[in-house]
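Once you scroll down, you'll see the structures, which are given as structure tokens.
One chain, subunit A, appears in both complexes that follow, with subunit B as partner in the first and subunit C in the second.
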Partner chain A sequence: MDGILGSIFSIDFLVVVIRVGVPLVFASLAAYVASLVGLSNIAIEGIMIMSALSGVLISAFTGSAWIGFFGAAAIGIFMALVIVFFSMRLKADPIMIGIALNLFATDFSVWLMLITTGTKGMTGSLPSKVLPTVHIPFIEDIPILGQLISGHYLLTYVCVAIAIIIWIVVYKTPFGLRMKACGLDATAAESVGIKVNKVRLIALILSGFLAACGGAYLSMGYLSFYSDNMTAGRGWIGIAAAAVGGGNLGIVLLTTVGFAIAQAIVNMLILTSLPTDLVNTIPYICVLIGLVALSIREYHARRGKVK
Partner chain B sequence: MKKLTTLLLTGVMALGLAGCGSTEGTTTTGTTTTGGTEAGDDVVRIALLLPFVGDQSYMDVTNNGLNLVKEKYGDQVDTVLVEMGRDSASWETSNLQTAQEGYDIIISGNFEYEPYMIQVAAQFPDIAYINFDYSDPEANKEAGNIYGMTYKGEEIGYLAGVVAAIKTESNIVGCVGGQENPSLQNMLGGFIQGAQTVNPDITVVTGWVGDFNDTAKAKEIAGNMFDQGADVIWQCAGGAGNGVFEAAAEDDFWAIGVDSDQYTALSGRPEIAAKILTSSEKRCDNAILDAVTRYMENDHTLPFGDMVSMGVAEGAVGLSENENYLNNMTEEELAEVDSYEQMLIDGEVELIDCQANPDQFEVLVASAA
Partner chain C sequence: MSENAAVKQKKFSWTDEVPFEILRLFTAIVVALLISFLVLCFVSDNPVNDFVSLLTYPFKSPFYFSYVLVKMIPLVFAGLATLLYFRASLFNLGTEGVFYISGVFMTFFAVNPLTGIGIIDQIICIAVAALAGGLISLLPGFLKAKWNADVMVISLMMNNILFGVGLWIVRTFLQPAGVSGNSSEYFADSVRLTRIWTGTQVTTGIIIALVMVALVWVLLYKTKLGYQLRMTGSNARFAAYSGMSAFGLMLLIHFISGAIAGMGSAVELLGNYQRFSWSTLPGLGFTGALMAMMGKNNPIGATIAAFGISYLRASAQLLANTSPVIDVKMISIVEVILTLLISSQYFLRSWRNKQMIKEKGGE
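Let's look at the complex of A and B:
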């Protein structure tokens, strides 16, 4: 137990949190940008599954990790476009399309694995490639900072960069305002001349790309193969985090990081004699507590306004 | 417009279903396609029902049982594999259809699909049913025409534990389980006992993923075990366990597989496969051969209602002796593994069954901590 406390307050632990947290941050950002413009994307889990698998397959057949990654991103964007097409052109309920895509991805991925590898469990028989790990020269030699900043998977840096860009776009640019307007009231936004469909299209393409990055991170960096259902609910955790934060990007990211920290602690507590099933609920309980705390705060804030 | 939406949405759904349907519908492959019993009375017709094959693991090993039977009995038998599909909704129909086609022996099993077999078996008392991996002994006995087999999970774990304890240099070994349940506890309990048989003072770190999917989590857990000093780690966590192999390749420790030869399943990733020392296999194929042999030699009947446990002694549990294993184990180490295997067969080692004695698992874990 002392050993665990020791390892939690160490630089290695932060590195683990980053490693565990990146796919979750990708998922929650994907959910966040979609819900911000008022078009729910609940197909994130399905997009992650399809991208994780297609990244591995394409990289194995072309021999290039980059082509694999762009293929994965293309699949993710394509699936997001399916949501856009059906919901905006054909006025279908985006939730229904999301369910359809999730169901489709779960089974189609198994079928795709079967025809390409002859197995349904994993792609270990294919020589797939992984995206590079980035070692920043000079910085990596600085003791603590080097360990923290250098030596991560490439997509980790992409994740941080995109999170910052999204923050700037949403909070500092007119386009961000338009995105929020579309989410708050599409008709009103339309009436003041905002092209709602165009804004939503751009947001959903970004959402699909982000979810695809989350999937590719899992199968082309963190791990180097695809294993059936390896996303293991990370897409849903992202959706939950986006729901907790509502329109507030800071809270969305905070929730996700909190969940990642809890998960990293769980991975260590699992090796102690504590009951596993109980330990495994810790991340969810943490999010629940956060959610309750948040709504209490909001409740008080609202009452304050009324007075 | 709304109609078109509905239509297109239905289309997407149907496409999704078709995607699975093409592989998951009931398909029959085998040496004969003719129905009825015109093949002759002296030919024993055997059908094996599995949801699917091609996992290079459990299903494929089981399917190999048919090949072994065919090899041994040649023209005396007709073997057919029936793929029931992954959707449980079709399992009862598949069972019913197969039974109606008049087979002499129908083989199926496993906790997931045995209920469907049991239900149908009761309606066809003339067919000899073999459950190659039963889980509910009472229900199987009740049907009256089922001969059930199971694998000594504690022996599967024992073999892995023996190899781990022989190979470790730090005297700390680890085992990663999937979802904590009595049968997996039994396997991990066997691992601890195997390791302790070799070295009573060994430390065994135990960890549970919590499900059978989360590959990344299994990798983190294995990494944490390695940080605690474990240098040989056994995985018993289904698909999630693949993460243990990834960690083994990254941190450079030995991993041991389970159920089937997992070294061959990772043939495309030699750098990962090289770290899989061996796998502790459930040899469902040998068990099926054993059961069919009993049937053939016992006047075409089986001791129905018997639920037998197959282990190392019957060849139903064993280590994969692939090139990687043989190259990385010295002659002495191999001889040592053999001697501990022989000790089990000779009854010199008494293993605790943690499935029957659930409270014993915690005791074992504590004794090796």
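Let's look at the complex of A and C:
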């Protein structure tokens, strides 16, 4: 146990948190952007699955990691557009669409693996490509800082950049205000001339792209192949984090980081003699407690208002 | 007299409520099958042959057809459990985890039957699973009723937690000593459900499933509780105004749904398995959500959907042995398109509007 405590307060642990955290941050940003404009994207898990797999397949067939990545992004955006089309034009419940897309991705990805590789488990036999790792000159030579800031996958930096851009857009630009207006009251937003459908379309495209980045990170960085159930509920954790944070990006990100830390600790505990199956449930229990705590807080806030 | 009646009777038109719904459903099925045919064209050497056998294979022998019924049973249970949630506008997807954990609890009683009398032991097993499922489902129900927690995310987190706990129980308490793997000891012969169609695997489970369909239908459309449940779904404040405790209603819905899922798990395990050997979540609960959506949250609709999807799944699974491209997972294409089109309120609406304007213009 001492060994574990020691390793938690180390640089290596922080690096693990970053590696584990990036796909989660992508997922929670995707959920955040969509819920901000009032059109829930429940299909994040499914988008991550499909883009993780298509990134691998496309990069293997074209021989280019970049074409693979853009293919994955295109798939993610396409799936987000399915949500937009069916909810706006055909008036289906976005939650139902999301559930259907998730279930579709879970099964369809296995079939795609079967027809491309002949096996249902993983794509290890395909010569798929991996997105580059970035080494920042000079900084990588600084002892501790270098290890923390340099030497991550490209998408890690993309993730940080996008998070900052989203923060600026949401909190500092008129468009961010419009996004929030659409989420708070679409009719009121429409009445003051905001094109609600257009704002939602843009937000959902971004949401699909972000989820696709999360998927591509898993299969073209974190690992170099796709395996069945690789996303392991990360999309749902993103949705949970967005729910815990409400409209507040800071809390959304903090929740996500908290979850990443829990996951990193679990990765270490698995190596001990504790029962693996139970240890694996710890992150989910954390999210559950977080959600319940949030609901209780909101419940009391509502009661306070009524009084 | 009869001539008069015939004149008064409105001319049949596809734009009327019921024919239009049938037309919509039919179109959705045709579109879904067409798209899966197109997908087959990409990957198969002989798409027409593959497609035709996919649609007809279960009729080739009684055994193949019985396989459809076997696959349908758990989907009916999962569909019933989920549609009760959806009816009340609760997007609870926890049926998956409940299927797993209630199967684990049932296994204790299936491995060491209490009485040794077949039918009583079977009833005990199914009751234990139902009780376990119902009680566990009370947790999200309570969190929703008390603090209005997000039931979908909570149920999904619970799926992972229940799976971890369930697998731990199997490995620690149910696995025979000295054997590796994640399986329990074999179920006693007496608890295994009776086969009712010789030469096939169809058991009394299908009767239990159909009885449950009838019971849920009665519950939804013929009881006060069902009325309140349906009204709560369309208007959240209804329960409060009608004097019914929203808290109690919420807990009751969750208990009933969980119990149905638990029964489904027991029937599936006792009917088709020799021991508890699920080392991943079985996926049946999630498919139940699709059945509920395709059946428009109607028990009979969900049963028909379960039959249709099981038909294709069974066909695909039987063909998978000989074909390199057909697999059960391929049916997901049909499933997603059907679900999307059926839950789209405006699907074909503009066509209907145009037709109606044309008819009016003709008069």
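Simple rule for what comes next: the second predicted complex is superposed on the first by the 282 of 307 C-alpha atoms of A that agree within 3 Å, B and C clash if a C-alpha of one lies under 4 Å from a C-alpha of the other, contacts with A are read in each partner's own complex, and residues count from 1 in each chain.
Just so we're on the same page, contacts are C-beta pairs under 8 Å (C-beta built on N, C-alpha and C of every residue); 3 or more make two chains touch, one makes a residue touch a chain.
What you are looking at is a predicted structure, and each value in this text was computed from that prediction instead of being measured.
Asker: Thinking of the overlay built on chain A, is A:285 touched by subunit B (first), by subunit C (second), by both, or by neither?
Answerer: Second partner only.
Asker: Touching A:91 in the superposition: subunit B (first), subunit C (second), both, neither?
Answerer: Both partners, subunit B and subunit C.
Asker: Touching A:107, do we find subunit B (first), subunit C (second), both, or neither?
Answerer: both
Asker: Looking at A:296, would you say it contacts subunit B, subunit C, both, or neither? Reply first, second, both or neither.
Answerer: second
Asker: According to the stated criteria, A:34 is in contact with first (subunit B), second (subunit C), both, or neither; which is it?
Answerer: In the superposition, A:34 touches no partner, neither subunit B nor subunit C.
Asker: By the touch definition at the top of the document, which applies to A:194: first (subunit B), second (subunit C), both, or neither?
Answerer: Neither: A:194 stays clear of subunit B and subunit C.
Asker: Can A:80 be said to touch subunit B (first), subunit C (second), both, or neither?
Answerer: In the superposed model, A:80 contacts neither subunit B nor subunit C.
Asker: With both complexes overlaid on chain A, does A:277 touch subunit B (first), subunit C (second), both or neither?
Answerer: In the superposition, A:277 touches subunit B and subunit C alike.
Asker: Tell me the contact category for A:49 with respect to subunit B and subunit C: first, second, both or neither.
Answerer: neither
Asker: Where on subunit A do the contacts from subunit B and from subunit C line up?
Answerer: After superposing on chain A, subunit A residues 82, 86, 90-92, 96-97, 100, 103-104, 107-108, 110-111, 114, 118, 120, 229, 277, 280 contact both subunit B and subunit C.
Asker: Can you check the complex and tell me which residues of subunit A touch subunit C?
Answerer: The touching residues are 42, 82, 86, 89-93, 95-97, 99-101, 103-104, 106-108, 110-111, 114-115, 118, 120, 229, 233, 236, 239-240, 243, 275, 277-278, 280-281, 284-285, 287-288, 291-292, 295-296, 298-299.
Asker: Within their complex, state which residues of subunit B touch subunit A.
Answerer: Against subunit A, subunit B makes touches at 1-2, 4-5, 8-9, 12-13, 15-16, 19-20, 22-24, 52, 54-57, 86, 180, 205-211, 213-217, 219-221, 224-225, 227-228, 239-240, 242-243, 246, 265-269, 272-273, 362, 365-366, 369.
Asker: Mind pulling up the subunit A residues that touch subunit B in the complex?
Answerer: 3, 7, 16, 19-20, 23, 60, 82, 86, 90-92, 96-97, 100, 103-104, 107-108, 110-111, 114, 118-128, 218, 222-225, 227-230, 232, 263-264, 267-268, 270-271, 273, 276-277, 280
Asker: Taking the touch rule as given, give the residues of subunit C at its contact with subunit A in the complex, in rising order.
Answerer: Checking each residue of subunit C against subunit A gives 43, 91, 93, 143, 146-150, 152-154, 156-158, 160-161, 164-165, 167-168, 171-172, 280, 283, 286-287, 289-290, 293, 324-325, 327-333, 335-336, 339-340, 343-347.
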